[in-house]
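Take a look at the structures listed below.
One chain, chain A, appears in both complexes that follow, with chain B as partner in the first and chain C in the second.
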Partner chain A sequence: MMYLAEARMQDVVKKQLQFKLKAYRGVFTSLIAVQVLAILFSLGGIGMSGGETENFSYEANYYSGNIVIVLTMLWGFITAVLLTTRAYRFDDFSFVTNRVSSNVSNIYFLIVSCILAGITAMLSSFLLKVLVISFVNTDAFVQASVSFPEYSTGMIGTILYIILFSALGYLVGMFTQIHKSLIVLLPVLLLSTLILSTGHPELIQNIIGFFGNENSFLVFALKTIITAVVLFGASLLVSGRMEVKQ
Partner chain B sequence: MHKGGWEMNVIECKGLTKVYGKTKALNDISFTLTENKITGLIGRNGAGKTTLLKIISGYLKETSGEVKVFSESPFNNLKVSANLIFVNEEMSYPGSLNLGEILKAAATFYENLDMELAERLMNYFSLDLRQYHTSLSKGMRSTFNTIVGISSRCALTVYDEPTSGMDAGVRKDFYRALLKDYIAYPRTILLSSHLLNEVEDILEDILLIKSGEKYLHMAMGDLKEYAIALSGRSVSITKWAEERKVIFQKSLGAGSSYIVVKNDLSALEIEQARNEGIELMPVSADDLCVYLTNKTIGGIDDVFSRS
Partner chain C sequence: MIIISLLLAFISVIAGIYIFNAFMGKYHIKKPLKWIFGGYAIILIGSVLIYFMLPEDTFTHAKTYSDEEIMQEEKNQEELYRLALNGKIDQVDDKYITQQWEFELKDDRLVLTAPEPQHSAVTVLAERAGTDKKIKIDYYGMKRIVGNVDVSSKVKAPELEFGENTIHIRKREKVNVKVANFSKEFTVKQFSDGKKSESRMSAMMDQDFLYMQIPVGVEVTGGVIFIDE
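The block that comes next holds the complex of A and B.
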């Protein structure tokens, strides 16, 4: 009898994750580039107000790290789309894999990257403060001083948002892999929904409100996690029978 | 290897069919490959070789019929993937890893991979561990892919046109390396090629496919005896041709002809043919495969003959 190697799903996924963390290091380079760019944008300030009387004038500039978070969410989306492209999917097939292990290791990879991205995005607000105080606006004072629990909640929330966007990107990416026409159809569908809903902004507002207007952090966390699980699960179903052909 | 005369089936196909849109790439193919043999998959361009190998490797899903590798369906099967390596031109690796890192990654996935052998082969074929897969020339890339294929020592190793782009010297070295490692560590090897003369010395069995269908599956030795060529005056050759199925025929000019027929002539018939001034010759396996897979029995000559 010939000796056959056993392959357990969890072992293969673990090996694939380790491999991807090393092989897809370009993802982290792009993360740094995006966040540096976002910090540079933020240095211009997000808003300004001022006033003048006979004797004095005043000007207030507002600075915020929100641009960093928004661009990081976009990065999460694009990175997820990238992982669904042929080149990345076919790389897995040069080693031991099946479609489930390939997807699950991609999802783990995305979650790890998103956690890292969320942490650096939140930490970059400190960098922004230091840069503003040191170089841009030397009289600045920091208005928002948050407690550690608040800060941690903010960080977890940011991470969850980035994961949500990457889960969406992963599903969108998988759809476009099924049929090339979806590359055109999906944006058309999205844009037409936006245009058609200008008279009825409830739909978009409802979607944003579903996540954004949640007062309880726990409920928000549950909503995002469940949505991400559904999105990732749908990608698994969509890609389960995809063939590897040039 | 053979316990009690019972051989394990590594690959079993039953009525395997693959349809792309409206074209049938594979049509009702059935065959069985037993353990620890080198089988050559031979066929013309577009015969369905790559499709068959990709279905066996779990890359593609069969449209109908049944395919079993290590008694399991290969599509989405981790056990099959862990014991099978598919070496082809399209093998892709992340551009961020150099060849050394790719080999290390391969070693974590394929537990039998012999890193020392891989490095010695890399050294022999002048491949640097610090080079990148994408920066290699076509031949060098094929060489690297086959090094991964040999050194990973998978129970089933599938090569699809492994030598494309390689120069003659590297081809010979590769087949020799393949054979040496196979003798030391027996495994099942399925190798596709359209150049049979290049691989016939290492093959034990041959699986010939034509237009998506299995044409024949036999031992290499039997294939060499499969057909016989008759050459002589056209008048007598035509008489011989009428009585049996002609595999190939061509006119030699000056009233003489050459035909290839199945080698089932009795001793009496051979005697008779010789008496008629017909020369009997063996047909090389390479030529025979070309004749068998020609669309017409006259081959390319038919295009130019207007008679």
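The block that comes next holds the complex of A and C.
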């Protein structure tokens, strides 16, 4: 078949990405909602210790942006699942498209969103500190010293974690689109694994430890990027099994 | 517990996203979104600027301790009390003496009074020393470490009221200390060199004591533990 203008893959992807960045604004507003919610949760502190004797009592409260980061990771997962749903996928048919370009633009969109999410999650820790200093009555504020390189590495690490979760979410979402019964089966499988592993938590600990216990940033980056590539690649393969406009 | 927390977090994020999207959809809110993004970005960048413009004394510069240092300090303080009780006060580090008094008796009697129960005031240890009617009193204040931070300066020495032959230890107000500790985010801690040294321990030996040197021959009335008798 002949066309007047041959649509190049990268142009289609670029156009779709631009469209998605404008059209899926709900993704970013929900990110803000989740982070604001997480900051509010964090105001209560992530831990405390206390004690009392006849003449002296003490209370030490610990604050950090951990809750914001964890909830942002969950946001990344859920956002990726939502992108695979029918309502979002059909948007791509406004363009000259195929399943690969649609998926690739989705993946780029997720990566851009995750970068923004990681930056805002880390910046929100400053907002949390300013709020605690302004509204929490204490005798002393103690700050663990963090150098700029340390902070930057932490920010990139956060972004990589969010990308990892969104890659996982994208694959899970694709599976659920293949067969609707997986919407029920996957959570059941996940929950039963979690419950069954409570006595033998090695599997989950090993998975968490594979990323979480890695102290070398370069090795961690390699692990997350390779895992994300594998997960996104698997999503592309799974997506290929879908019917047109399924 | 971790599983339940994760599930709750998961459910709250899904509910948050769903309610938020439903709200935005129901009221067809589109234009203000630009303002929401902009506003959030300004708040975040503003908070970074405010944070770096905070006065230097906002954060405490008190000495901070690692787990190992806290445990060592607790051992030192237990040892200190044991040495004092066994009459080896000369082996105790002078750094624990935070206040000293000297008092001259009119005759050979000393009455020590303190609020009941006396432990709400302070323990009084004493030894016999000299014959010149002068009483020397040292206050040994223990370290209080809360969430890594030395807050010992918050605990003042007891107030003593001196009469002709009397010393009254005034009841101390209870000291309440609150410390807010900003920890590193786990993604920062994971790649930090000193990740193992961050501690969450607190230590507070409540064994402050007054150590009195009372002249030989002075008759003492009141709650004093003589270490050499």
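Quick notes on this structure:
Keep in mind that, in the parts below, the second predicted complex is superposed on the first by the 234 of 246 C-alpha atoms of A that agree within 3 Å, B and C clash if a C-alpha of one lies under 4 Å from a C-alpha of the other, contacts with A are read in each partner's own complex, and residues count from 1 in each chain.
The rule we apply is simple: contacts are C-beta pairs under 8 Å (C-beta built on N, C-alpha and C of every residue); 3 or more make two chains touch, one makes a residue touch a chain.
Keep in mind the model is a prediction, meaning the values are calculated, not measured.
By the touch criterion defined above, A:I133 reaches chain C but does not reach chain B.
When the shared chain is aligned, chain B comes close enough to touch A:F19, but chain C does not.
Once chain A of one complex is fitted onto chain A of the other, the partner contacts of A:G240 are limited to chain B, with no touch recorded for chain C.
Using the contact criterion defined above for the overlaid structures, shared-chain residue A:E59 touches chain C, although it does not reach chain B.
Contacts of A:E214 after superposition on the shared chain: chain C is touched, whereas chain B is not.
Measured by the number of chain A residues touched, the leading partner among chain B and chain C is C. Of the two partner chains placed by the overlay, only chain B lies in contact with A:N98; chain C stays clear of it. The contact surfaces that chain B and chain C form on chain A in the two complexes overlap at residues 25-26. Residues of chain C that touch chain A in their complex: 3, 9-10, 12-14, 16-17, 20-21, 24, 30, 33, 36-37, 40-41, 43-45, 47-48, 50-51, 54, 58-60, 62, 64, 119-120, 144, 146-149, 151, 154-155, 172, 174-192, 195, 198, 200-202, 204, 206. Here chain B touches chain A in the complex through residues 3, 8, 10, 35-36, 54, 58-61, 70, 76-79, 81-83, 86, 90-94, 96-97, 101, 105-106, 108-112, 155, 187, going by the rule given at the top. Residue ranges on chain A touching chain B, taken from their complex, read 1-9, 12, 15, 18-19, 22-26, 87, 90-91, 93-101, 240-241, 243-246. Taken together, the chain A residues at the contact with chain C in this complex read 25-26, 28-30, 32-34, 37, 45-47, 49, 51, 53-66, 69-71, 74-75, 78-79, 82, 120, 122-127, 129-130, 132-133, 136-144, 146, 150-151, 153-155, 157-158, 161, 194-195, 198, 212, 214-217, 220.
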